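Shared between the two complexes below is subunit A, which has subunit B as its partner in the first and subunit C in the second.
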Partner chain A sequence: MILKAYNPPHIRKRDSNRSMMDDVLIVLIALYLMAFYYYGPRALLLGLHAAGVSIVCDLVCKLLLRQKLSLRDHSSLVTALLLPLLLPASVDYAVVAVAVAFALVVVKYPFGGVGHNLFNPAAGGFAFVAICFPKAVFSYPVPLEALNAFGSFTGRLVTSASYTLKAGGVPTGGDFLSMLLGNTPGPMGATNVLVVCACLLYLVVRGSVHWQMPLCFLGTCALWAGLFPRAPIPGGASVIYELFSGCLIMGAVFMLTDPVTSPKRASACVVYAVFAGVITMLFRRFGGFEESFAFSLLLCNALAPIFDYLDELFYRAVRRGRFVPAKNKKA
Partner chain B sequence: MYLQRTRKHNRLVRRFSGLFFDNPVLSLGLALPLAISATNSLQGAFCVMIGMWATTLPVMLFSSLPPVRRFLPLWARFPVYVLLAVAILIPVELRLSPIYPVVLNSLGVYFPIIAVNTIMLYRCEHVGVRCGVLHTLIDGVLHLLGFSVVMALLACVRELFGYGSVWGIPVTGITFKLSGLLIPFSGCILLAFLAAGSRYIGRLWRVRNYRADLRDGQTPAEGEDEDLDDDLLI
Partner chain C sequence: MAFHFLSKGLVLEQHKEPALSRDLRELIVPGSARPLPLPKAEDPAALSPEEIIAFADAAGIIDERDSLPLGEKLRAARRDGGTAMVVADAIDDEPYVSSQLGPLFKLSSQAVGGLLFAAKAAGAQEIMIGVYKNVYDLRLRIPNTLYGVKIKRITGKYPAEARSSFPEGGEGVLLVGVCALIHLYRAIHNHTAQTTSFLTVAGNCVANPANLEATNGLSVWQALERCGLLEEPARVVIGGPMTGMSILDPAHTPISATTRAVLAFLDNPRERHYSCIGCGKCASVCPQELSPLFLYKSSKQKLVGMLRFYDVERCIGCGTCSYVCPAKLELSAEILSAKRLVEGLDKAQPQTQPQEGTQEDQNDTQSV
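Let's look at the complex of A and B:
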């Protein structure tokens, strides 16, 4: 018997890596349309700029690695289009370029490229620009206010609900409906909770993501937020504010479910998602930044192979217990 | 002679081991904490370089002295090296602290740990106790030069793009600063890229020489066995 080792994503149906990435691109386009509605053409231009930088970085890295240049691999494009959605619409074009370049040139290709990366590239890129430019990354324009399409943003910047929660206050940016529809200051693509949930539904129906991971992750975060609110508010309100602020839901849908960096078996995914939820809420409470999902995800990515290993040990123990003959079983 | 260029390259590698080939930081992974944490400014890297030169060379020479090689037992060698390094480092620090007080303060524990740096301990045992004084001196100088070059390069890049200055002097034209380059995490990444780059260049050079030799169509002379040829070993 010849055993062949394949790299993730492990796809068993008539799908390909490209079709999975195309599904994600389709839902990202929907998020960009919402961002365009709230922030104008600057949102689209940031996405195009990121896509251009990713193509250049791809070309350079593939030439250095002597890999075949191919237009069929859209994984870098997904990373590039995801990054501006995690940032404010007022961010500089240079910051987006640095984030995309770091994500591809440092986090993805040095480990071997598609299917070999240990860490989620978008999380790595976001973490790097958050450390380098904390003011630019954590200050947001007000939705539906005019933004200049080119150059640096010179208008009014405000803080998001995450900042208020981190400081122990009660967010007053908007009501529940505003938070659901994205009419609150925050990351460009992460505030549209309703659209992000629709994206999750689409990806689950298409089979591009495991449904267990985002559900268990958000459930854990909700439970934690309800039991340990950061602000003097009831548990229910704390759950709403914690889930709807920052990049939590968007990260759960697009970054936590990365098929390359997450565990492979469904049971391992459940444990991994619960673990990621606990770590994320701990980072939110004790971490230095108001939005620390990317940092907690990087930590979880480093530990993902351990979840696979322990899950395999567990299943082997279960199988051994099942097939021991009855007469050999000791009382 | 068969594989002439390759032999010449290998002789060069053996003679100048430590400077570029077998660089202590990039190839052997020695003194990494110093290379990562002390290179966020050129002045800090300079202070560490002074400390390294002041401690490593004398300790290596001491280890190569015939009485030391003959009478000092194996279990006592490392403690003696470290004690000697500490005895040299303390006056060096006292001499540097009036000149660079802020820099030494910012280095924190990374200056005193020069006394237990792995370049010194490794080369003392690898070369000092086996070879003569002159060979040890040359080896020490080459390895410290290699270490200094890497430190200076890393410090220049990190300070230039992190602070927008070199040796504390602002550089005009640098308006875009990446403060993330100043944390040790970025030092690790830059060092990894430098190591990959040096390995790539070294491999290119070896392959170029070997291919040139093969193109010349040389064949081994009668009685010459390439497997036993020292010149073909690195």
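Let's look at the complex of A and C:
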């Protein structure tokens, strides 16, 4: 009999990093199916294209870092599949490739790869292409109009509700129901508000994300939008337009909750989410781009360790208030 | 206070069946019973506290709960002017382990008899039996009283037993393991010393999981053979699955009075190690409100100042963080070794420590 030495505990929970990533992949596939319904096969091809680029980048970066080559880790795949959903379905294949490559080669791997990146790779990739190709990123095809599957998009492009809001106008076209179902021009995956909310529910039930974060973030955004509407519309309408336009809900569910770049404890996450909500709404009002969630998220990512540090100070006080000093303690 | 404990920790699948509902098995070497070097007690009910303690000493009873001699514990309780309450500890909050619950219900008269003796020796007015509440898969119903003694259901999540005090008492409560109480009863009524101990033999490659009464000094391997193995185990553990020690040579590892369980597990080939993604699950379950992920990183980088900042000395080694970790990191083992390191440093230079600690904290914060 050959016995091996193990550290306790001798039983482990079945969840692993891989199962957490796979949970996100499962819900992303649901979003791709919605995008397929609205924009045809081009949506799926964009996703496959992004996945292919991510696998190549992953292997190259692992070679350079002299890590073991394997495709067991799915976190790059999550980043890659997330990016096309933040972009319009009409976007060029090259733009998607640039976004994915930037996210992995510049934002993720130079810091040490999985678990060590300072900034959310998807947000970094989106920010990069938003600066480099604003025309391609911020003009959208009309849902349910046929798109050519290959090559550059040649059809009609329109602006989204977030552009109108940015310009200070009142968004027209698209009632509440069609906004909820995603039947409005906008990013390929982010407009399907109802499906994204279902995704959040799944992730929360599976324990893959802190539920506090998206809720507090969206709550803060809604409060801000209700109090300070950008357009001459009543507060309630402003809340709906602000939340349902752009990548706000999508980002709150998939990018803000990224475990690597957000604070670690639920209490810190709440404060962080409220902070991120205020920053995002300020960016929307005073920033230069119509969709500025990615930029504000990058700023918040940089500050996340400070939230962790303050939270640890709070918990040090909690620990000290709760216990009688241990008998063997010298100090 | 108790509220925090309720919110943190783990609800574990208990796996106590079928070992718990089966009869106690015996693995006793014939002729190993040893009489006491004391005159027999003619009327056990009339024994004085000092005489009961003398019986406990002569029988060499070790409390399986904290591996202290029972006589010493009772004497200390008496010296402090008597305790308010003696609690028979049958908490058994770790999965698989039922070596206190089993004997409590199979040998209830002996357990309660021992509890009465212990209460008399410690000068306690009240007695109680403590049983863990979060056990759902039991076939046997836990009654509210046992021979008129109240059974208190201990609420809360997994590290229920590791807590320093009984939830309602704190001071003035003496916790004594059920097996030690049974041995005390036997010492007084049967006039025998403690030569056996109760242990659970279980795990996913044990054929007939059961609670065993085994003679001390027999090997762990004999206990496993008594219950049968389905396959070659990859790990054999002494103690509970959360805190127990994995051993390499079961044939030469003896069963002692503090062996509460022997578990044999198959290897899990699917278990792989990943890198920490900072999900914070460890921090959300830690019953001591620590941040295991930061402790782990500080320990890997040998940042002693950071370890102090994150209160490494408060770790109780319950293993909840390693259990939930999706990256399958050895959090608990790493933090415990860091704790020993820091405690060793504290012993070496107790004076300069606080100053240095705060200085290092500020420098190290940047690097994490």
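Operating definition for what follows: the second predicted complex is superposed on the first by the 304 of 331 C-alpha atoms of A that agree within 3 Å, B and C clash if a C-alpha of one lies under 4 Å from a C-alpha of the other, contacts with A are read in each partner's own complex, and residues count from 1 in each chain.
As a working rule, a contact is a pair of C-beta atoms (placed from the backbone, for glycine too) under 8 Å apart; a residue touches a chain by one contact, two chains touch by 3 or more.
Only a predicted model underlies this, so the values are computations on that prediction, with no experimental measurement involved.
Applying the stated contact rule after C-alpha superposition, one finds that A:319 touches subunit C and leaves subunit B untouched.
Legend: residue contacts after superposition of the two complexes on their common chain; A:150 is shown touching neither subunit B nor subunit C.
In the superposition on chain A, A:114 makes contact with subunit C only, while subunit B stays out of contact range. By the touch criterion defined above, A:98 reaches subunit B but does not reach subunit C. Of the two partner chains placed by the overlay, only subunit B lies in contact with A:132; subunit C stays clear of it. After superposition on the shared chain, subunit A has more residues touched by C, the comparison being subunit B against subunit C. Common to the subunit B-facing and subunit C-facing surfaces of subunit A is no residue whatsoever. The part of subunit A that touches subunit C in the complex is made up of residues 1-13, 15-20, 72-73, 75, 113-116, 207, 210, 259-260, 262-266, 269, 305, 308-309, 312, 315-316, 318-319, 322-323, 326, 329-331. By the touch criterion given at the top, residues 176, 178-181, 183, 189, 192-193, 196 of subunit B touch subunit A in their complex. Within the complex, the subunit C residues that touch subunit A are 1, 4, 12, 95, 232-237, 241-250, 263, 265, 267-268, 271-272, 274-281, 283-284, 288-291, 293-294, 309-311, 313-314, 319, 322-328, 330, 332-333, 346, 350, 353-354, 365, 368. The part of subunit A that touches subunit B in the complex is made up of residues 94, 98, 106, 110, 128-129, 131-133.
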